[in-house]
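In the two complexes that follow, chain A is the common piece, with chain B as its partner first and chain C second.
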Partner chain A sequence: MAIKDNIKPTRSELIELKKKIKLSQSGHKLLKMKRDGLILELFAILEKAKDIRAEVEKQFAVASQKLAIAKSAEGVVVVKSTAFALKDTPKLELESKNVMGVVVPKIQASSVHKKLEEHGYGIIGTSSRIDEAVDSYEILVEKIILAAEIETTMKKLLEDIEKTKRRVNALEFKVIPELTEAKDFIVLRLEEMERENTFRLKRIKG
Partner chain B sequence: MGNTVKYAYIVARVRAMKSKLIPKEMYPKFLNMEIPEITRFIGESEYKNDVEELGKKYSGTDLFEHALNQNLALTYRKLIEVSQNEANLLITEYLRSWDIWNIKTIIRGKFSGAKEEEILEDLVSAGQLGYRDLLEIIKVGTVEGVIAALEGTPYYPALEGFKGNLAEIENNLDRTYYSNIIKAAEDTGNKLFLKFLRTEIDLKNLKMLFRMKRAGMERDEITKLLIPGGMELKANDLARLSSLTFPEFVRALEEYSYWEAIADISNEFTSLINIETRLDKYGLVYASRISYYYPLSVLPILDYILSKKIEVDNLRMIVRGKETTLPEEIIKAHLVM
Partner chain C sequence: MEIAVVGHNDFVIGFRLAGIRKIYDTTSDNIEAQIQSILNDRTVGILVVHNEDLKKLSPQMQRTLDDSVEPTVIAIGGKGESTNLREKIKQSVGVDLWK
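Right after this comes the complex of A and B.
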């Protein structure tokens, strides 16, 4: 075996290997705990993601209907003209937070859902059809921003769970067994060398 | 010359024009038709020339909407052209709301950096400012330039001093429109026109009060935007209604005649759209009723102006509603008949 070819059967190597095995075992234990913790986090976020996705779909249907009503009752010309009055775009600030060592985004949005008097167009010359279309789309954008935060967090958690799982498996099925095998080999070789020495000494005495 | 004689000619013209409006019995039939069927019907009606003229530029429901708008604009401009003296003055003043609409669209377009063609598409030259006047204004590069180009017009006082707050000048324009038209009506001494106008102001104020109250706006902000000069809703009524909470405000409306229009839906406030549609219907019924009482006055003309607008709105509601697959009950609820 390749590992045995590269190993020097010495006591110092044995001590070194024992240290590595101990480190790998504690690393394996910690990574397993991290993986389980991340899975628990993922399940919690999964529920939120499902809820927000359903909310986005529902709000999209509401907003589409409100816009259709505004376009039909007021006319596309009125909707387009009113849309010209809206110059402000939502401001997004991207921060990050740490979930069990995984850096996930936190999106802070401002100027999304505005008050009636802050929409940019005059109140006297417009109608509630326009207000309701604007409101429902603003709420939709807010929900999309929240969904983006939750779904990105979920994606990052999934990537990290996959990575941690690979590390746990590598430690459990490759690194630790190989190190243990190498340690056993050195112990065997050292015992053999010990026996050879004893035999040689006996022969010299005889 | 007596008032009745002054209006005889224009009222006769308006009667003839009104007879060409689509009868309200047709709307339920349109609801059962497909869009191509409705478009064909419209293409063979009073809108024929507009559909043919705009057919090269637009297609589908866009063609339909632009043809309706063009026809509305030409009809209103025809009213200005065929009327004389007091009737002409009052019609011109009343239709200035379209000039205001166009000015707002141009300023909004310039504010957002829209292209000239984009702005031009959204104009409806149904007021005193013709297509060429509007084209000249659009060519000016900035909002400030547009305002300067309007110097000397009745709209300028509302626009000067623009400091970047678009909503403020839009509201100023609308308030100036109403104060100018009340002044014009008072100058002519036409009490019927004033009565009609004051009712329209009441309905406008009511719709705004519903929106602003539900949005939780402060009393001072509300009173700043309300239009003075209403029929039933005088300054003290508006001040009182502005200071009430939303449920109190709704209860307080029981004192006014407009309550009958909304009484049965006064608990449904998830959307204000139904309330607005009911108040629009009230306005139309009111205009039609008083125009019968005074057949040789400015009222039949105003009734026609409203009826024509409602016809365009109804047709658009049906076709756009069908295009966007709105449920039939929603389309029906928005039809003003």
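Right after this comes the complex of A and C.
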């Protein structure tokens, strides 16, 4: 083994190795706990993500239908001109929060769902079909913002779970066994040297 | 930050009605270049694309969008994004939890 070629069988090396093993074991334990904690967090968010995804898809179907009705009833030109008359644009604010060392975004949106009179286009010139389409698209945007926050959180958690899992496995199956092997090798070598020494002394005496 | 929407005319007009200004009406030929420029735009927080358009992109661009956090990419319409997340969960946890 390569590890045996590189180590010196001395007592100081043995002490050093023992320290390293202890550190790796405690690190392994902590990382395992972190991995389990992250998986629990993921479980908690998974249901939310599934629900919000289903809601977004449903709302998108509803909004598309309402837009199609508005287009066919009022004409594409009217819908487009209404769209260009809108004043306020939804603004996002990205904050971050920490979940077990993983920085996840917290998205806050302003002025997405507005009242009828706050849209910016004339109420008299447009029909209720357009209002309905606008309304359902505003709800869709609200849901998209929520989905974005949850899905990003999930992506980040999954990324970190994978990273932590790889670290745990590397410590468990590579680092700790190699260090233990090196420690055993030094112990054996030191015992061997001890025996050689005793034998040598006995021969000298004899 | 703002929301950006990329796609064909019928897809984006509804979002224009919701007040979103960053609307990019593109054909399938230049959608990749358009998305690349949005990814470089620091004022965009969420990018909305249609699943059908997402499938037409190069595998490399799809991977970039999958991994992108800022802006967060949301694909809607058709079927697709949930399978992406599903694959990611399978890969990371080892079990298919998205059922």
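As a convention for this text, the second predicted complex is superposed on the first by the 205 of 206 C-alpha atoms of A that agree within 3 Å, B and C clash if a C-alpha of one lies under 4 Å from a C-alpha of the other, contacts with A are read in each partner's own complex, and residues count from 1 in each chain.
FYI, a residue touches a chain if its C-beta (ideal position, glycine included) is under 8 Å from a C-beta of that chain, and two chains touch if they have at least 3 such contacts.
Just so it is clear, the structure is predicted and the values come from calculations on it, not from any experiment.
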Combined model on chain A where chain B meets chain C, clash or fit: fit
First (chain B), second (chain C), both or neither touched by A:82: both
Chain B versus chain C as contact partner of A:72, first or second or both or neither: first
Which of chain B and chain C A:5 touches, first, second, both or neither: neither
Touching partner for A:155 - first (chain B), second (chain C), both, neither: second
Arrangement angle, chain B at one end, chain C at the other, chain A at the vertex (C-alpha, nearest 10°): 30
Superposed model, chain A: greater residue contact from chain B or chain C: C
First (chain B), second (chain C), both or neither touched by A:95: neither
Chain B versus chain C as contact partner of A:105, first or second or both or neither: second
After fitting on chain A: smallest Cα gap, chain B-chain C, Å: 10
Overlap of the chain B and chain C footprints on chain A, listed as residue numbers: 64, 80, 82-84, 86-87
In the complex with chain A, residue positions of chain B that touch it: 62, 65-66, 69, 100-101, 104-105, 108-109, 111-112, 114, 118-119, 121-122, 124, 166-171, 173-175, 204, 207-208, 210-212, 215-217, 221, 225, 227, 271-273, 275-276, 313, 316-317, 319-321, 324-326, 330-331, 334
Residues of chain C defined as touching chain A within the complex: 1-3, 13-21, 45-46, 48, 67, 69-70, 72, 74, 76-77, 81-82, 85, 88-89, 91-93, 97-98
Chain C-touching residues of chain A, taken from the complex the two chains share: 39, 42-43, 46, 49-50, 53, 56-57, 60, 63-64, 67, 79-80, 82-84, 86-94, 105, 107, 111-112, 114, 130, 133-134, 137-138, 140-141, 144-145, 147-149, 151-152, 154-156, 158-159, 161-162, 165
Parts of chain A lying in touch with chain B, wherever the complex brings them together: 64-65, 68-69, 71-73, 75-77, 80-87, 115-117, 119-125, 127-129, 131-132
